[in-house]
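The structures considered in this document are given below.
One chain, chain A, links the two complexes that follow: it is found with chain B in the first and with chain C in the second.
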Partner chain A sequence: MSTSTDTPRLKRTGFTAAAANYLDERTSISAVVKEFGRKIFPDHWSFLLGEVALYSFVVILITGTFLTFFFQASMAEVVYNGSWVPLKGIEMSSALQSTLHITFDVRGGLLVRQIHHWAALLFVASIGLHMMRIFFTGAFRKPRELNWVIGFLLFVLAIAEGFTGYSLPDDLLSGNGLRIIDGLIKGLPLVGTWISFLLFGGEFPGTAIVGRLYTLHILLLPAMVLAFIALHLVFVVVHKHTQYAGPGRTQQNVVGYPILPVYAAKAGGFFFVVFGVIVLIASLFTINPIWEYGPYDPSPVSAGTQPDWYVGFADGMLRLIPPHWEFEWLGRTWSFNIIVPVLILVIFLALAALYPFIEAWVTGDKREHHIADRPRNNATRTAIGAAGVVFYADMWAAASGDLIATHFKLSIESVTHTMQLALIFGPIIAYFVTKRICIALQKKDRSLALHGYESGRIVRLPGGEYIEVHQPISEYDRWRLVSQESYAPLMLRPDSRGRITMSQRLRAALSRWFYEDRLTPLTQTEIEAAAHHGHGDAQPELEEAGPQH
Partner chain B sequence: MAKLNQPKAASERSSRKRGRRHPFATFALIAIGLGLTGGVYAAATAVPAAASAETTASSQADVDAGQKLFQANCATCHGLSAEGTDSAPSLIGVGAAAVDFQVGTGRMPMAMDGPQAQEKTPQFTDKETKQLAAYVASLAPGPSIPASEYTDGKGDAAEGAELFRINCAMCHNVAGAGGALTEGKYAPALKGVTGTHIYEAMVTGPQNMPVFNDQNITPQQKADIITYLDYIQKNPSPGGFALGDLGPVAEGLFLWIFGLGSIVALAVWITAKAN
Partner chain C sequence: MAQDDNGGIELAETSSTALEEHGLGDGRIGDPGTAVVLDDAPVNPGFPEHRLRITDRDPKHNRRAERTVYTLFYLSIAGSVWAIAAYLAFPIESGKISDLRLSTMLIGLGMVLALLGIGIGAIHWSKQIMADKEGIDIRHPVRGTDDTRERSIEIFEQANEESGFGRRTLIRNSLIGALVAFPLPAVVLFRGLAPQNEDPVKDLKHTMWKAGMRLTKDPTGLPIKASDVTLGSVFHVIPEGLDDTDDVLDEKAKAAVLLMRLKPEDLHVSKGRENWNYDGIVAYSKICTHVGCPVALYEQQTHHLLCPCHQSQFDITHEARVIFGPASRPLPQLPITVDDEGYLVARSDFHEPVGPSFWERNS
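Here is the complex of A and B:
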């Protein structure tokens, strides 16, 4: 597929050739085009998720620029006198007034606002899905650990971008969101109040916060996101793209289409597809109806006040903490109802960020990996991932506990208590269920590779025995099934000074936990033996052998 | 609770310096003070009384018919003379408004015990409901069914919207989409509820709702609130489908399922191998 085509001779006269030659003579750009144009990208839908994030960010930049032409990041009080009747004559900040002006009195303003907001939701969602793809296929392994961390930073920055944007219109919903953040900050021991006063320029809400968030939202954070995206993509080019196992695919090559002309056309087209989907959604579905929320006022809080989805997990964690975890000690208030959830969130995010390093340490694997794992083939990692997803999803769902209660006719207390239990037991159950499913799928793969698939044809042998005829699978399919990494639990060995350190013991224990239950991959001999043998008797065996046994 | 409805800073301290030390000044001052206090009090209490939206009294025939209906349908729980039992409260003094709301929206008679009475198709005709209301109103004075001038949505929507956000939105949501309360109770969605029923709910405080009496929210302000709710129902969201007006949760759910779902489907399509 990736055959190098001859670069056309520049002998031909024509405008394009002349222009290209003109450019090349002055910029030496042909070297870049040659390098990048022949860069190969493998083709798989899951490899496009990062691109979705990139494209929605581009959409956000375009629409955001339009919005800055009209938005006033000021908390000066004005009286609304625009087109929306139920707010006429109401006092509000200049920020909300200008957002309403964009919405109702700037041509196309509401559409652009909705595109911007929907694209923001899609941006973070596609980052999340992209991260899951990377995690479950083990694409974070050497040499890509640092790029995982950069991607993680982008995820956090995207959330920060989203939240600052959500807070800008200074409507009732965004003000309540900020109030929760203010409460979170103030709940931190010793420094909380100071940080809050520093951030808000005095007591909440003050008159400074919208201006400050605006600077963050349109200057600092986008600059950082852009810088990290650039770095992220440079690393993708440097490392080359991962690919799934298949015939002809090795750790040394990449099988796919070159950027020019195929992939550039596909990716360019996909940009417009993503843009189109966002615009379609934005033109049909309301998002953030600030005209309903009205101006921020610290006293009213609407039922169903939630953050945008990507902050939901933090909001949900706050809702899951049981009451009465606040007490006075040493003349200070210790808000463990704030401290504990903040700690849980920080630890959860830190584990996610550091997972590549943890797994690399446990496996002791120093090799480079360019073939993406099938999730089932690394059962423990997939199970850990599933547990993490369930933990996150439970916190996330808890943020909408009130709506779950009303829509499923439940009591809000039972919803909360169920979710509290699910926060602890859900990940554990998910871990074991996923691990067993993965191992079962491995067994199925092994049986397919050895004995082929069930043809559904029942044959009676002369002796009276009935068998179902199995058809062998093709060589191509078998390759996919048998190319699997295998790790054995680490052997506990004394170091050069004859000692076994605690960290060695820990590492060995973790390694045992990771790889104790596993299927050993098929050897060539086994496959050949099965091929000669016809239908087989060798059932896959679960190897239980740790090093000590 | 209610938005302050006093006129802005009515402190007129017109200083009369000339007659200040006159012997009768003290008496005059007390007389003026008493007169003012009494007058203002009378005015303040008179306004709601005058404004509180009364409809015409019902005939004795209605009361009698209502009593029969009551004894046949309500007395099991509320007692033969509406005096209340262990399982249901007394209805003496709840007024016609309470009956019109509870029976008119189908909440009463209750279908089953639960955290709160649920809305259903009304069991009685409009006429029967009015007869029941007349009977209960005849037992003792109470809030009556409001006049249509307060319930037809001809007030000030902006004023009503602000009052709604301050007084109602914490349970009913800013767009009246409803919300959860404790232990399975809930504030219902206000879409499709008639102005009369909203008014009656405010003055009688059904289920877990507090009473917003005429001092708290004046009849005119109630009319404004009804106007706002009427406005957002008659003017659908300018942004397109409103996703139930449930806010970011509905938006997030939509984005993940339909937004990201369609994007993934398209990505699969784009990378699919040609057969």
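Here is the complex of A and C:
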């Protein structure tokens, strides 16, 4: 664009021009506008998932700030004397009393609480879906590995934010949630007892925990979330957004709409849509009716207690441990019914966080990747992801094992045992099924690219043979199908000193596992040959290739 | 910023030159590893022709889209007014849940209209009216240019030279030591999160139960006569005088007990516990030995206790041994008897720590 400096062009009059000039002479903001004003963002529905996460966080900040004006993060005993009759005269903590006050005595207070809670549920959900989008399209590859880790930290922080917030009202359900956390912490070897003692400021439940969680919930954790979101977005700008394969799109360009005006209008409008949908849900559906639960008391509990959804996978993992996994050894208590589920969760999350580095090591690919994969084109990665999703889903469903049992009139034992089996075999089955489906879809794509689609027109040849005519697809559609990255399994070769190291063996084994079952990538010659070959002959030649040289 | 753009120049203006310069193929730098790099890769067909929308071709549709957008924005204003009106017109102070629901719903729906009006209007505007020609930015490798990287190294070397950071090892190492040490006092300060002269292990090993203390009903605190406990019934029990303690919930979290009466012949009593029950009346800690939820559900027919949190099950006929679920240890039993007036009392505290396991439990 023209960067002409001839002064007459800049001599504009009017208030806007004067204000802009005033600002620019003090901030150099025109450089920002020049740099970002027409920055290009590619368009795809799956790119909106991260936006949903960002916008629900903004909604959480707005509504949360409102709630802080009323909420008292104190466990001091008071006698409730507000508008809600069933709890009148009951002793409770100041935290619950102020929450009931917001609910029953501040107009719109319940609405804001429900917006806050629903937005929190959506926040974690959209982060999870966004992570899955990144994973299945390989958008975590170089140069974006670190941004994946930042996003992962945001996921963990979002869960922590959710749990600390859930615990603040000090009602019966949230108190039980804290009781479980306390028991979990106490079961950890060596440090458990003391961590619980310090966290609760003495014995459970004590009178300190709500105040402490409040500081975490409104100060420390949100500050970290904000900082990581800022960093996350800086990297999106530095890397530029990925795009899906399409005609004209390459590893060297970004094709899409400029920030001003289209992207600003779309993304800005989308913020209001997300906000609007959250408010719609919040105005119609009650969530967490604390007034029905009453204050926390360590003795009563109702059947069918459920945590908020994002804690479900951890709670479910606790439930899946068989009886009697606790031993005494060296005079200490080893609670493997706590240690094992905690380890499983930590390893599961660590694998998710480290996956980009593992795949990069296996492929040895040091190039930048800006074209997002279609999930089917990297069958093993997609299958690993599907196995992970099934593993997570099984843990999550286990947190509702009792409800599943009562709703479907099954015994809790059979539900739990089924889920224990599914935890082990579910991911394995999901892995193989997904991998085969991906490869089959690749074959379908290839058939379409080489031989076109079935037109439905049957023609009788002079020799009496009947064939169905295949119509070629457009070159633009074909490009979407054939533009893919492919890897060959690693050949083990001795290094300069004639050795093959263990790590090389492991890498080769993983590489075989990843890339042994694959279709060799199409070449331009093959595509052209197929185009000249005429249409109609049934099967594309498919070979499952061995190691490449 | 290393990432200079071309300012989102429209495709139509630049596509030919941009694609020629940077090529449609894969000109990426770096080792492809085991990636298959084809000499004869499929050829990118380049950008398809831009297709006009109906609003570009037909002014009537364009005007209609414009009307839709400003109507949505006006609706949004109406929604805001509605929300304020609902705030004023629907009081909640009666304390009735139906009033609260109405107020919440009507304020909320007004806000929904206000928000969706803006949101859908803006998106419709951008999709139907704003220019929809895609633009193109050129990517550059994320790494700095060789010049930049060389200069950064120079700067570090120069700084090292000028400060002697690498040379004066004594200064450097003592600084590192000081930096490691200085946060330690802050860590120690966090010891103050819990009372200074208390030992959690000691606290966890006893409850407020002691010999002669009456079993009372939760939450009324009324004492329980052995004759009140009929066969098959279950009582939620707290120790007498719980409400007079300083930290009621802390004590209750350890001392809560379930009381049940079974036929004496159904009980399998182990050695040393013969006098812990009173005529088939048994008392067990209500706090689950898994992670501490109250084991509140009693099944009369099977004499099983079920924890609603993680579904551990305890068999009361066999001294609350675990028969299902993630718990490991039986619920601790509270030895009981009756006093002169026929009220149930504890013989002693529990003989082992109650509630979830902890590291020093057996120490």
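By definition in this document, the second predicted complex is superposed on the first by the 523 of 549 C-alpha atoms of A that agree within 3 Å, B and C clash if a C-alpha of one lies under 4 Å from a C-alpha of the other, contacts with A are read in each partner's own complex, and residues count from 1 in each chain.
Keep in mind that, in the parts below, a contact is a pair of C-beta atoms (placed from the backbone, for glycine too) under 8 Å apart; a residue touches a chain by one contact, two chains touch by 3 or more.
Predicted model, so just to flag it, every value in this text is computed and none were measured.
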Chain B versus chain C as contact partner of A:T363, first or second or both or neither: second
Partner chain(s) touched by A:L403 [first = chain B, second = chain C, both, neither]: first
Partner chain(s) touched by A:A303 [first = chain B, second = chain C, both, neither]: both
First (chain B), second (chain C), both or neither touched by A:A314: neither
Touched partner set for A:L129, first chain B, second chain C, both or neither: first
First, second, both or neither for A:E485, with chain B first and chain C second: second
Touching partner for A:I60 - first (chain B), second (chain C), both, neither: neither
Of chain C and chain B, partner touching more chain A residues: C
Contacts of A:I229 with chain B and chain C, given as first, second, both or neither: neither
Chain B versus chain C as contact partner of A:P189, first or second or both or neither: second
Overlapping contact positions on chain A, where the chain C interface meets the chain B interface: 85, 103-104, 110, 114, 266, 269-270, 273-274, 277, 283-284, 286, 297, 299-305, 401-402, 412-413
Sites on chain A touched by chain B in the complex: 43-49, 52, 85-90, 103-104, 110, 114, 118, 121-122, 125-126, 129, 172-173, 266, 269-270, 273-274, 277-278, 281, 283-289, 291-294, 297, 299-309, 312, 399-403, 405-406, 409-413
Parts of chain C lying in touch with chain A, wherever the complex brings them together: 1-3, 5, 7-9, 11, 15, 18-19, 22-36, 38, 40-48, 87, 91-95, 100-101, 103-105, 107-109, 111-112, 114-116, 118-123, 125-127, 130-132, 134-139, 141-142, 190-191, 193-195, 198, 200-201, 203-204, 218-219, 236, 238, 247, 249-250, 252-254, 256, 286-288, 290-294, 296-297, 308-312, 322-329, 355-363
Of all residues in chain B, those that touch chain A in their complex: 115, 157-158, 160-162, 165-166, 169-175, 177-184, 186-187, 228, 231-232, 237-243, 245-249, 251-256, 258-260, 262-264, 266-268, 270-271, 273
